[in-house]
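What follows is a single structure, and I will ask about it in a moment.
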Amino acid sequence: MDAVATETTVLVDYLLHLGDNALVLAQRNCQWCGVGPVLEEDLALANQSLDLIGQARLLYQEVARLEGGDATEDTYAYWRDAHQFRNYVLLELPASLPRVGYAQGDMDWGVTLARNFLYSALMVPLWDALQASRHEPLAAIAAKSLKEARYHLRHASEWVVRLGDGTDESHARMQAAFDHLMPYTQEFWAPSDFERAAVQAGVGVDVAGLRDVWRATVAATLEDATLRLPSDEGYVPQGKTGLHSEHLSYLLAEMQSVARAHPGAQW
Amino acid sequence: ADKLAAFQARIDADGRIEPQDWMPEAYRRTLIRQISQHAHSEVVGMLPEGNWITRAPSLKRKAILLAKVQDEGGHGLYLYSAAETLGVSRAELIEQLLSGRAKYSSIFNYPTLTWADVGVIGWLVDGAAIMNQIPLCRCSYGPYARAMIRICKEESFHQRQGYELLLTMMRGTEEQRRMVQDAVNRWWWKCLAMFGPPDSASVHSEQSMRWGIKRISNDELRQKFVDATVPQAEVLGVTLPDPKLKWNPERGHYDFGEIDWDEFWRTVNGHGPCNKERLGTRIKAHRDGAWVREAALAHARKRQARAARAAA
Amino acid sequence: MDAVATETTVLVDYLLHLGDNALVLAQRNCQWCGVGPVLEEDLALANQSLDLIGQARLLYQEVARLEGGDATEDTYAYWRDAHQFRNYVLLELPASLPRVGYAQGDMDWGVTLARNFLYSALMVPLWDALQASRHEPLAAIAAKSLKEARYHLRHASEWVVRLGDGTDESHARMQAAFDHLMPYTQEFWAPSDFERAAVQAGVGVDVAGLRDVWRATVAATLEDATLRLPSDEGYVPQGKTGLHSEHLSYLLAEMQSVARAHPGAQW
Amino acid sequence: ADKLAAFQARIDADGRIEPQDWMPEAYRRTLIRQISQHAHSEVVGMLPEGNWITRAPSLKRKAILLAKVQDEGGHGLYLYSAAETLGVSRAELIEQLLSGRAKYSSIFNYPTLTWADVGVIGWLVDGAAIMNQIPLCRCSYGPYARAMIRICKEESFHQRQGYELLLTMMRGTEEQRRMVQDAVNRWWWKCLAMFGPPDSASVHSEQSMRWGIKRISNDELRQKFVDATVPQAEVLGVTLPDPKLKWNPERGHYDFGEIDWDEFWRTVNGHGPCNKERLGTRIKAHRDGAWVREAALAHARKRQARAARAAA
């Protein structure tokens, strides 16, 4: 493979990783539409899902442009299988405490908010740094996404504090949510090959370098929330490289079902 | 009696009644019932379309649908606020919905069975809703009228999006066209029933007309809807499932067949295909969300107490 | 269409109806595998699902034979969409109290057992009568299925009694389950065109004629279970004619996802 | 001391210890631990494969898989029964599992990511399990030995089915072959680790050998497994993911690379990819099923009381 092709591959993987993160989290958060704890929050979560779908579309469009051919944004959302998705495993988990994929149950709003918080606390500094990407289309997407991520972070932080420092029940639920999710954040800091290459090429950001900022945000908010900062020890997920949990294939089966039932159709 | 005369005079002069104004208790009750029913319809109405968000067949359509359902939630919020200006709390209204005492639009008791239903709901259900709602923009109660102006604007946008979705599908594969026709077949008659019982059988209408809450009769609105929709169906290339549907040059309107009012009333009275699922879902969402609402309240109290201590 | 073609169409629809009933209920009951209330019941439910899958396979195989061409049993299970399925709506409902399709939640074992009871109380007399079908392959399938249905009915009846006449909680849950499910049984008695035609052709059974037997079984068991026989008033579902609830498309999206991701593959 | 000598003599003579026989407390405890751990493994092992029942790509495979998972549940039942003969109740054993005090086979803490995993679990995981279990058919404790005979027979059947599934996929499309190879890559090393730590590091083995509970060492069994599996992999047409894997004519065995024991121990100690999900699912199932078990008990008591009254 020549140098240009390799660089494109790296960029494609990197953009897909960012796009898949956005799409998969949007898909999970969409599941709250119409069934949230209070109407205002249905709207807030829908709004954030719209932001995330918007981010995914821009990123996939850029991938389609780079790859050329017949690919469109929808090619990446609807016609890839689980092992081709590059999102963090954190984002594909159901909104519930640990449970195997087919034993679905009630959703837990605490898990949803804790996840939004952990993810957007990363995305604020990450989009911020990506504004300096040498790949200008990515820098532009980063600038737009940064504003959205800041709002997502503010929203999630406020809820983490409210629920952590609310009732005994809400405190216990939020602590359980963070205990459950925290180990999955290790995936942020374990760079994949394409991330390393993207950093080297000046198009990506060294996420491990954002760890201190992230920890400071998380520690401060959890303290405000009277929550214990849980250990992040445990299995290091590798969703970025296509090695997912058992949950993603269910999410995709549902998401892709209509599109795949009508190959080639326009919508 | 003076107050009542002044009230009626204001209405007759096409003026607006505002929250601080005196109003007859029956007017207040009628409005609370109608506005809250409308608010509940928006919220319950999120469910049938929400059913397809996670499965939208393209990212663009997913975003459009999600934005639309979000708008419906927003309409619910405006309307609850408008109802609150009449001295009732949102919590009370929700309690009435969940206990089955308050109604919501019966159209949401039918299932959304394919992606084409999303388009048909936009085109026909929102179309019928707009037809019903445009006169409400001139409703005598100010807050309601203003909420309706905003809502109607957004609904028209949704209706165009729904129609455009269907146009795209009709230009598509045979199976896509079949889905659209099937959805039209399932929704058409339900949409005609959305205008309510025939004028001959309608109970509340007369008083509501006098109060400037209702301005056009059910049958008139229904006819307007049919007249507006038939040409759109022709452009789209779908058949409306009514063999009696036919232009009547004498009346200058389309004639159409008989609505199955028995089916309509069965559904209104709880025996539609989805009544229990819609309400069951709202009840469960409300119950599952109780800990969140309680925590938010407890946290707000804690903050208040801390602020009070800091100020002391 | 000539007479033979019409008769085949009627028979195909009739066999698909019976096969879809079996498959869709098996799929719902499979979801309990590994997560039932007690290990013996995991096995019992798996066993019944196996019976039902076996019934569906025989019925689909017969349809494939009648239709000829490339069709196999899997064509009917994996390559039809929701509107082409002819099962009772009762069988596609999730194992929970009423809730829209995308607001999935915890499964309720009482609903599962109540449904198995209501369905097998029909299938025992129905398979029994179908042993006299003029279509011999169907008569043979009926003879085999009758034995299975008898076991399913016994199992479900015992649990209905146990749970109805158990604790206050179990009594309330079973009553709620029957209140929820009973109206869906009306679909049994409202004959579709293909059922009428199948009866006329001597291949099918007039299900409405089994209503008294069914009601007697149900009334007796519910009495034993100290449960109130709920009204079956309400909407009459029409799953048999392809008009389903919002739940079936989710069930099929999951069930068909792997097969449809690999068109033409052998397994 | 007499009893102990007689006990050891029976074992040395390859006789069986039966429930009513005297046995040393440590022997009893060791067996309870091992049999219940085995039972728990069968039950937790239903989950990774259970993950694909609703999605099996053909009805035949769906039936085979469901029957297999059902067999595993059945094995769990035999084994709980065998453990109960040692004076412990199933409820106690389940409580130990759910509280995390008892272990289950760590292989079930890895995810099943595609349909090919179902085949590879049959071929490799069941294959390794059988290799471990065949010697247990001659275990000194009668009820355990007899349960193992039945279990091994069924497991061999499952293994052949798994292999046949993979053969079919390898004859299929490129994507099917990719799935099989990917699954083999993910499971191979985990299966080698199933035989437990190297003999040099194994703690319980010596005493278990003396008691006739364990008969062949971990490393010997592992070697047997590798030797048996390599030719099967060749027939299948998959590559085992070990560059050091090579026939050693001097040893008359395959040499193979180093197992990542750190990863193994991390997973055993709770930090595998699915530990929390597996246990969380069992805990939730048990909790959700409590009302059913309580009702069954209450009903049985009522019947008993009624029967007693009738008899009186």
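By letter and in written order, the chains are A, B, C and D; residue numbering begins at 1 in each of them.
Note that a residue touches a chain if its C-beta (ideal position, glycine included) is under 8 Å from a C-beta of that chain, and two chains touch if they have at least 3 such contacts.
Listed by chain with UniProt protein names: A, C = 1,2-phenylacetyl-CoA epoxidase, subunit C.
Keep in mind it's a predicted model, so treat the numbers as computed, not measured.
Would you pick out the chains that touch chain C and also touch chain D?
A
Comparing centres built from CA atoms, which chain ends up most distant from chain A?
C
Roughly how far is chain A from chain D, centre to centre by C-alpha average, rounded to an integer in Å?
36
Can you work out the whole-Å distance between the CA centroids of chain B and chain D?
One centre to the other, that is 57 Å.
Could you state the distance in Å from the CA-based centre of chain A to that of chain C?
Measuring from centre to centre gives 40 Å for this pair.
Residues touching two or more other chains, restricted to chain C: which are they?
31, 34-35, 102-103, 105-107, 249, 253-254, 257
Which residue numbers or ranges of chain D touch two or more of the other chains?
47, 50, 53-55, 281, 284-285 - these are the residues of chain D that touch more than one other chain.
Based on the touch definition given at the start, go ahead and assign the chain network to line, ring, star, complete or other.
Per interface graph, the chains form some other shape.
Hey, which chains are touching each other here?
Taking the chains two at a time, the touching pairs are A-B, A-C, A-D, B-C, C-D.
Quick check on the complex: what are the chain A residues that touch chain C?
Answer in residue numbers: 31, 34-35, 81, 102-107, 249-250, 252-254, 257, 260-261.
Of all residues in chain C, which touch chain B in the complex?
Listed in rising order, the residues of chain C that touch chain B are 82-83, 97-103, 105, 180, 183, 233-235, 237, 243-246, 249, 253.
For a test of understanding, state which residues of chain B touch chain C in their complex under the given definition.
Where chain B meets chain C, its residues are 47-48, 50-51, 53-55, 111-114, 182, 186, 266-267, 270-281, 284-285.
Which residues, counting only chain D, touch chain C once they are in their complex?
Against chain C, chain D makes touches at 43, 46-47, 50, 52-63, 66-67, 69-70, 73-74, 76-77, 80, 115, 165, 168-169, 171-173, 175-176, 281, 284-285, 288-296, 298-299, 302.
Could you please specify the touching residues of chain A with respect to chain B in the complex?
23, 27, 30-31, 33-43, 46-47, 49-50, 53-54, 56-57, 60, 73-74, 77-78, 106-107, 109-110, 161-163, 165-167, 169-170, 173, 254-255, 257-259, 262, 264-267
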